[in-house]
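Before we start, here is the structure in question, set down as structure tokens.
The first chain written gets the first letter, and so on, giving A, B, C, D, E, F, G and H; residue counts start at 1 in each chain.
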Amino acid sequence: MNQKKLEELLHAIRKGQLSVQEGIHRLRGLPFEDIGEAMIDHHRPLRKGFPEVIFGEGKDAEQVITIMERMAEAQDDILVTRIEEEKAKAVLQRFPQARYHPRARAITLQISEGEVKGKGVILVVSAGTSDIPVAEEAAVTATMMGNRVETIYDVGVSGVHRLLTHREKLMEAGVLIVVAGMEGALPSVVGGLVARPVIAVPTSVGYGTSFGGLTPLLAMLNSCASNVAVVNIDNGFGAGYIASLINRSQEG
Amino acid sequence: MNQKKLEELLHAIRKGQLSVQEGIHRLRGLPFEDIGEAMIDHHRPLRKGFPEVIFGEGKDAEQVITIMERMAEAQDDILVTRIEEEKAKAVLQRFPQARYHPRARAITLQISEGEVKGKGVILVVSAGTSDIPVAEEAAVTATMMGNRVETIYDVGVSGVHRLLTHREKLMEAGVLIVVAGMEGALPSVVGGLVARPVIAVPTSVGYGTSFGGLTPLLAMLNSCASNVAVVNIDNGFGAGYIASLINRSQEG
Amino acid sequence: MNQKKLEELLHAIRKGQLSVQEGIHRLRGLPFEDIGEAMIDHHRPLRKGFPEVIFGEGKDAEQVITIMERMAEAQDDILVTRIEEEKAKAVLQRFPQARYHPRARAITLQISEGEVKGKGVILVVSAGTSDIPVAEEAAVTATMMGNRVETIYDVGVSGVHRLLTHREKLMEAGVLIVVAGMEGALPSVVGGLVARPVIAVPTSVGYGTSFGGLTPLLAMLNSCASNVAVVNIDNGFGAGYIASLINRSQEG
Amino acid sequence: MNQKKLEELLHAIRKGQLSVQEGIHRLRGLPFEDIGEAMIDHHRPLRKGFPEVIFGEGKDAEQVITIMERMAEAQDDILVTRIEEEKAKAVLQRFPQARYHPRARAITLQISEGEVKGKGVILVVSAGTSDIPVAEEAAVTATMMGNRVETIYDVGVSGVHRLLTHREKLMEAGVLIVVAGMEGALPSVVGGLVARPVIAVPTSVGYGTSFGGLTPLLAMLNSCASNVAVVNIDNGFGAGYIASLINRSQEG
Amino acid sequence: MNQKKLEELLHAIRKGQLSVQEGIHRLRGLPFEDIGEAMIDHHRPLRKGFPEVIFGEGKDAEQVITIMERMAEAQDDILVTRIEEEKAKAVLQRFPQARYHPRARAITLQISEGEVKGKGVILVVSAGTSDIPVAEEAAVTATMMGNRVETIYDVGVSGVHRLLTHREKLMEAGVLIVVAGMEGALPSVVGGLVARPVIAVPTSVGYGTSFGGLTPLLAMLNSCASNVAVVNIDNGFGAGYIASLINRSQEG
Amino acid sequence: MNQKKLEELLHAIRKGQLSVQEGIHRLRGLPFEDIGEAMIDHHRPLRKGFPEVIFGEGKDAEQVITIMERMAEAQDDILVTRIEEEKAKAVLQRFPQARYHPRARAITLQISEGEVKGKGVILVVSAGTSDIPVAEEAAVTATMMGNRVETIYDVGVSGVHRLLTHREKLMEAGVLIVVAGMEGALPSVVGGLVARPVIAVPTSVGYGTSFGGLTPLLAMLNSCASNVAVVNIDNGFGAGYIASLINRSQEG
Amino acid sequence: MNQKKLEELLHAIRKGQLSVQEGIHRLRGLPFEDIGEAMIDHHRPLRKGFPEVIFGEGKDAEQVITIMERMAEAQDDILVTRIEEEKAKAVLQRFPQARYHPRARAITLQISEGEVKGKGVILVVSAGTSDIPVAEEAAVTATMMGNRVETIYDVGVSGVHRLLTHREKLMEAGVLIVVAGMEGALPSVVGGLVARPVIAVPTSVGYGTSFGGLTPLLAMLNSCASNVAVVNIDNGFGAGYIASLINRSQEG
Amino acid sequence: MNQKKLEELLHAIRKGQLSVQEGIHRLRGLPFEDIGEAMIDHHRPLRKGFPEVIFGEGKDAEQVITIMERMAEAQDDILVTRIEEEKAKAVLQRFPQARYHPRARAITLQISEGEVKGKGVILVVSAGTSDIPVAEEAAVTATMMGNRVETIYDVGVSGVHRLLTHREKLMEAGVLIVVAGMEGALPSVVGGLVARPVIAVPTSVGYGTSFGGLTPLLAMLNSCASNVAVVNIDNGFGAGYIASLINRSQEG
């Protein structure tokens, strides 16, 4: 459409039906979107291979299915986050080829071949067993975005030797996602052991002065390790997403 | 410049040196700013008559003077906010035609004729004597933006009769700016007396649980009067600015 | 009644039954409300055409109906906010001429002819789909108060081109209500595009460090655009109300 | 018991069985409670006429009944606060002479004659209809503690004339309890109108930045009226209790 | 003046120059303040004997002197709070009959005879030596307002026996002002020992998690003693003021 | 296994199959865990006699049983905290020799003989009846860890004489755990009475400005008694645990 | 004195001048302090060997000297905390035998022989160099209270191997004081390595979201190590004090 | 040294002076650091090319010089952050080959050849002129760590077209550092325009409800763009550091 308007305008100039000055005037006068849209969306293709994402919280199964149907038509890979088992069952009846990840509370529907685009391994590390849902959301996200993903769970800082036994794996990872609730100290310790970027995810796991994840968030922001950046509380998806961008080679 | 590029491109199309398809392609390829800039700045003229504003805090007299010189060349009216007397003196030596408002801690330099553009009166009301600097900043701003401005000071809610004696003036105002620290109750009381929009400005006046203005801010956001909207703590300038927009007739 | 007391008193003075001094004394002694009431309510008529508003939260259907019946007798237009579908159904059985707005969670009962009193268009803009209930509450409120209302939804700042495609509409609006959760950045971006007042409404949409809307609230209060004022979290009604006052020409 | 130990000790001294020095030594050695208890509880009788109070929240009907039975034996007046209707019904089946106050969510069981001990009237003022439960808890408490209690409800500060119509009553009260949620401004306005102590009670009524009553609490603590002191959020009982102490003549 | 307008109006009615209906109309039309002022200020005389108060913080000696001169003409007793020694010296040179209280950082100028109007003793109790300035501000205020005042200092709760040695004095007081920083526990302990009202004053004494007095404030609001009400952090003046109102017999 | 690798490596050196330099190189190259594990876990035996602990919150009965079965095989004493009665019943059907402590909401399964290892008495003191669950969790924990435990409940600071009657017991305790909600003052008072370490536990008991236990937490951190250290809100288990370590003689 | 009153009373009973009943009556009637004082201070001797402590902050050199002179007369060991070098110099001129610890900002004056009373070593561990003043305050305090004290500084969690090199020393300590700012993770890591009590001290070291030490405080309260208890921000003295109590054998 | 101990031990095994079992035993018994140190520091070389960093805040020129001298000996590149001009001058007298960056308040001393190791461009974008110091700290850090760095300053969201004119540059960057104070919205808008990782840095620029940078921090954590991760307030160094790690090719 905007393409069409532009064509007509340029044809009119070409045919001398419109002066150059008038052309400039009309180009300015053209609804912004007609040109803007065309120019702005160059980066879409850059995002190719990334799944479309549906935030499942607050949506019922019917709503999720409707959105998925529209996306599936476009042959997009689909990731649904924060969807409880009950709702997921209803969705999977409609999309039997989809898969539910109960620990991550996520549905994935892979239509592409799922080739690996990330250079290194994304390693997801978490402190307590209760942090696993957030860690798994990160892992599923990074996997869907074309990365080799490995996980190390249950390596809280009060038993630092458990963490140290995984030192090789930590040092070989290309990007690390570190998930922790309570005092949120794990990213600092991991950050000190590796020379790669660490994305820290605070979780709302804890009670009392955990304040719904505020405490690990603040601790992570004050990390004495300089290779740590932080995302929102419980935001496993965001951590998986930005880690994927970091892991992806720039030109390739 | 962007004008020039566009002209060349359209001339090339006109002369048949460039196909229409190629024209579309090049328009897309043109650096965004060349077109974007042209299209986006329509609203500048709408702002005509508004002074250019310099936030004086953290700038020394020399820096303020440099910016003012550049602006003065453009024949702009100028408003400098949050500038202490000491610095203001240095500025006024360079711009003797400027005026310092000590209570508002502001400098104004009026180059235009200062015609009144606002329809009604903007009434600035404040609770305590310590709130006056913020109230005056609002008043000076609104005056510089072409409004008739009146003020009622020292009408705190614990002596509600003092406020009520000004009831006629309150009801006749077109827009009201209500400035208060401590418990921040004045906008609610004023809001209940008038049928016009009230812009509430919390101040950092107070001690202990005033928490630097947080308490009046929260109180104003929870006002039981529905005609109250709020700006940042001590933001007299912002209140004067938005009140001026409200007071200005749209077409006229 | 108070009218009557005053009449008696003045008649007594006229007839010489009461000295002027005694009259002054008695006027002072008259219960305050008798005179106060008469003098204070001048501004009611100014509010004519505004609906009576019932805050539905925490009231059951029966209570809402009772209040509506009393209001309907007075031939008032009625707006019920924050009423869930279930309760609304019960209310509509009693008032079949009323209308339920499910997205706004509001009931309207228009008895007046609903003439347009506002000068310009009130434009309601919102960031995410979850912000729509608050945006719709604002839209329904402004409509009921006699304004032409338009809406632009789902134009979050992380896809700023979506917003820019609506630039004409944004610039033509008389007053803008901008609704956003999460980082609450939309009012700043919109505020920078237009030269009219922006009423910003933070929403409790989000999780983790959204802190129930505190984050967008703080962001909006710190807007670098000077034409933004803010109302309470989720307060769509308040935004619609003050926007209507702003949009209404003062005298005529 | 402790009486007995003391007797034995003093008899032994009298009979010369114990030296004075040894007596001093033993008095020191006596378990503290034996003497302490006797000396400390002088002020119990001063509290006579005050009801025994049961905090109903978190107790089931059975627990409340058990405690009431023990108290009733002691012929105490009883006040149960924060007890929902459902539980109250069960209690009243056991104590048919007790009375449930649904708005105050309180049960009273008056065994004494309920003579008035307070000198003046305790006036309970509240801002919105949602504040009434807290206001009523204060009123019921003060009544049970032997005071004449009057109430003025629904006089929010955004309609200050409604409050002013009650000015005589406000000025005649001996102690005032002012209950308000939202911006919590009512105590400041009332405090400015009267020359008696005002006990302010913030309520958790409101939404968004009300933060569960924190906003009115802070506003009340920052009141520009000097005759205002504050109790905990929703603490109607505490306000009624301390107001009763204030109202009670000291010697009489 | 308003007196005069009223007189003219009533004379005109009496002389038949004005109809009763017109009189009613004009009374409504009279600027509100003319009548309002007359009616509202009944309670001034009730405040007689209370000093006029100047908040010294942020005012220089010159400003304090100017205000004092105006007050002194009116033969008012004067209390200046929060004035540092340096400034006080300058003030005392102008008012040699005034007195500076260094610990309370207050100036008093007693012109009346200073008769005792309060019924009982106001007892000011404080926890640590650093709390004394706030305690003394309360004591000086209550003294200036016509009360017998006694003080007990340095009786923190971690040495509860020090407090208990003053038990007789505590129980004999008519009103108690309890000042504490740090954990703010003293009002609870004192409140449990006496049967009279306790006004609690949190102080900003402490460090770290004292948060400028927030901690003792919160502790006092959560007191398990029901006879405790709270004023703002460091608000010794406010505590002395409301304690004086409580202590004053109502009829007088 | 790591033992085995080490053995092989050292045998190879012994047999001259491996040079010393190569041995050093390989020791470095050995996966960290193989050596690290061996060296780090010296302190396990020191913990002998401490129960294994399961945090019951968020686990269903089935999960608890599975973990307990694994632990029971290892002949460990087991403590399950924060497990509701319903779930506990299911667990006890599987482990009839276990015991449920309803007030502490804990299950204990003692396999060892439960000899006393602590030197002194651990005394658990609590303020209100609602604090008892947390106090009991501390008591059960300390008992399971081999201590003599005594308790004093319902000795809030507003009735300080009730506390003082237990003074002997307080002074004889080796370690004290003091549990309090509301204003959290009890640890300060107890701390002042004794010369032993006090572990303070804030509870979430209270309402309004209790802020879920934040208020007693802050109060305890600001205790004017120097022998007080604090654990997380409602963390009865942690208090019991660290108190047991304090009470245990180091070498013995 | 109270001793004297008691003696007189008991002599009178012995001599038959006073009946036993009367004796009981008078004992009750005796001012509480006379007996209370005598009974309450049993625990003073238990504290023997502990220095008297002066909080230097906010006191000038003169005040510190005055207090020290009084203490020195009583032959007490003295510890002055939080005293800057400038003031300390003045103090040391008066007390040449005292010693200033510049890093701890403390003065000690040891009059006793300083025998070791603690059983084990108190080990003070700190994260960053900026935490050293707080760590040193703890170390000096514990030394003055009769303990062998060792320190390990600069072992932050982002270089966990630095900490691990001190593992033997960590495991041999009787009590550990762990001082950390920023993310406050060190106590968790240390707590997991040892089987002894850890007293954690958050410091105000850091910037931005450190919030003056709030972040490490919260992190420490949420430690996943169960053997950690926490004192106020920057409270090195308190940590040294309670660690000394823990380290002291009970009977011995 | 540890090397030596290991050698001796292995030689003893080789010579049969030590059994294999004894060897294992001794290896365990070896102080942890002897082996641990050797094994843990593999990753040091990976960090080669990164400057050594000195945090200048709170250190005087002398201290900075001392540390720099030690580092310079080791032929390290050096970066000193947060050092004011005054102090920097003193440092540069000692190290004339160093360079002071006044806007970044940083000193750099480049000893290596400074080859570019990062793959793409690191683009530093900032909102207001007051954010420039933090942005420059990030830029200087990233430059010192071997990256091509470009900057775009003064592109706040309230003038979104200014940002859009730089769209090409934004899209070509490999990693983006976005610095903003006030409402902190810039990272969201930038994040939506690019497909690369964005490191967001909140600044303490602002007043009132900016709360020292808390507001932009919260806004950034709640960004609706998924490619945003956040570092501490004003932490330009940290942003430059982690961006460098992201930009560095993994193998190369």
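The rule we apply is simple: a residue touches a chain if its C-beta (ideal position, glycine included) is under 8 Å from a C-beta of that chain, and two chains touch if they have at least 3 such contacts.
What you see is a predicted model, and the numbers here were worked out from it, not measured in a lab.
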Shared chain contacts [chain E and chain F, defined touch]: D, G
More contacts between chains, C-H or B-H: C-H
Chain pair repeating E-F, as identified from C-H, B-C or C-D when over half of the contact pairs by residue number coincide: C-H
Whole-Å gap separating chain E and chain G, where each centre is the average of the chain's CA atoms: 39
Computed distance of Cα centres, chain E from chain D, in Å: 24
Distance from chain D to chain A - Cα centre to Cα centre, in angstrom: 55
For chain B, residues that touch 2 or more chains besides their own: 32, 36, 40, 164, 167, 193, 208-209, 214, 217, 221-222, 232-233
Touching pairs - complete list by chain label: A-B, A-C, A-F, A-G, A-H, B-C, B-D, B-E, B-H, C-D, C-E, C-H, D-E, D-F, D-G, E-F, E-G, F-G, F-H, G-H
Chain F - residues contacting chain H, complex: 3, 6-7, 10-11, 13-14, 16, 20, 23-24, 27-28, 32, 35-36, 38-40
For the chain H and chain B complex, residues of the former touching the latter: 130, 161, 164-168, 207-210
Chain H partner contacts - residues on chain C that touch it in the complex: 127-128, 156-160, 164, 182-185, 188-189, 191-193, 206, 208-211, 214-216, 218-225
Residue ranges of chain H in contact with chain A within the complex: 40, 42-43, 46-47, 53, 119-120, 167, 171, 174, 193-197, 199, 217, 221-222, 226-233, 237-239, 241-242, 245-246, 250
Of chain H, residues touching chain G in the complex: 31-33, 36-37, 40-41, 57-58, 202, 204, 212-214, 217, 232-235
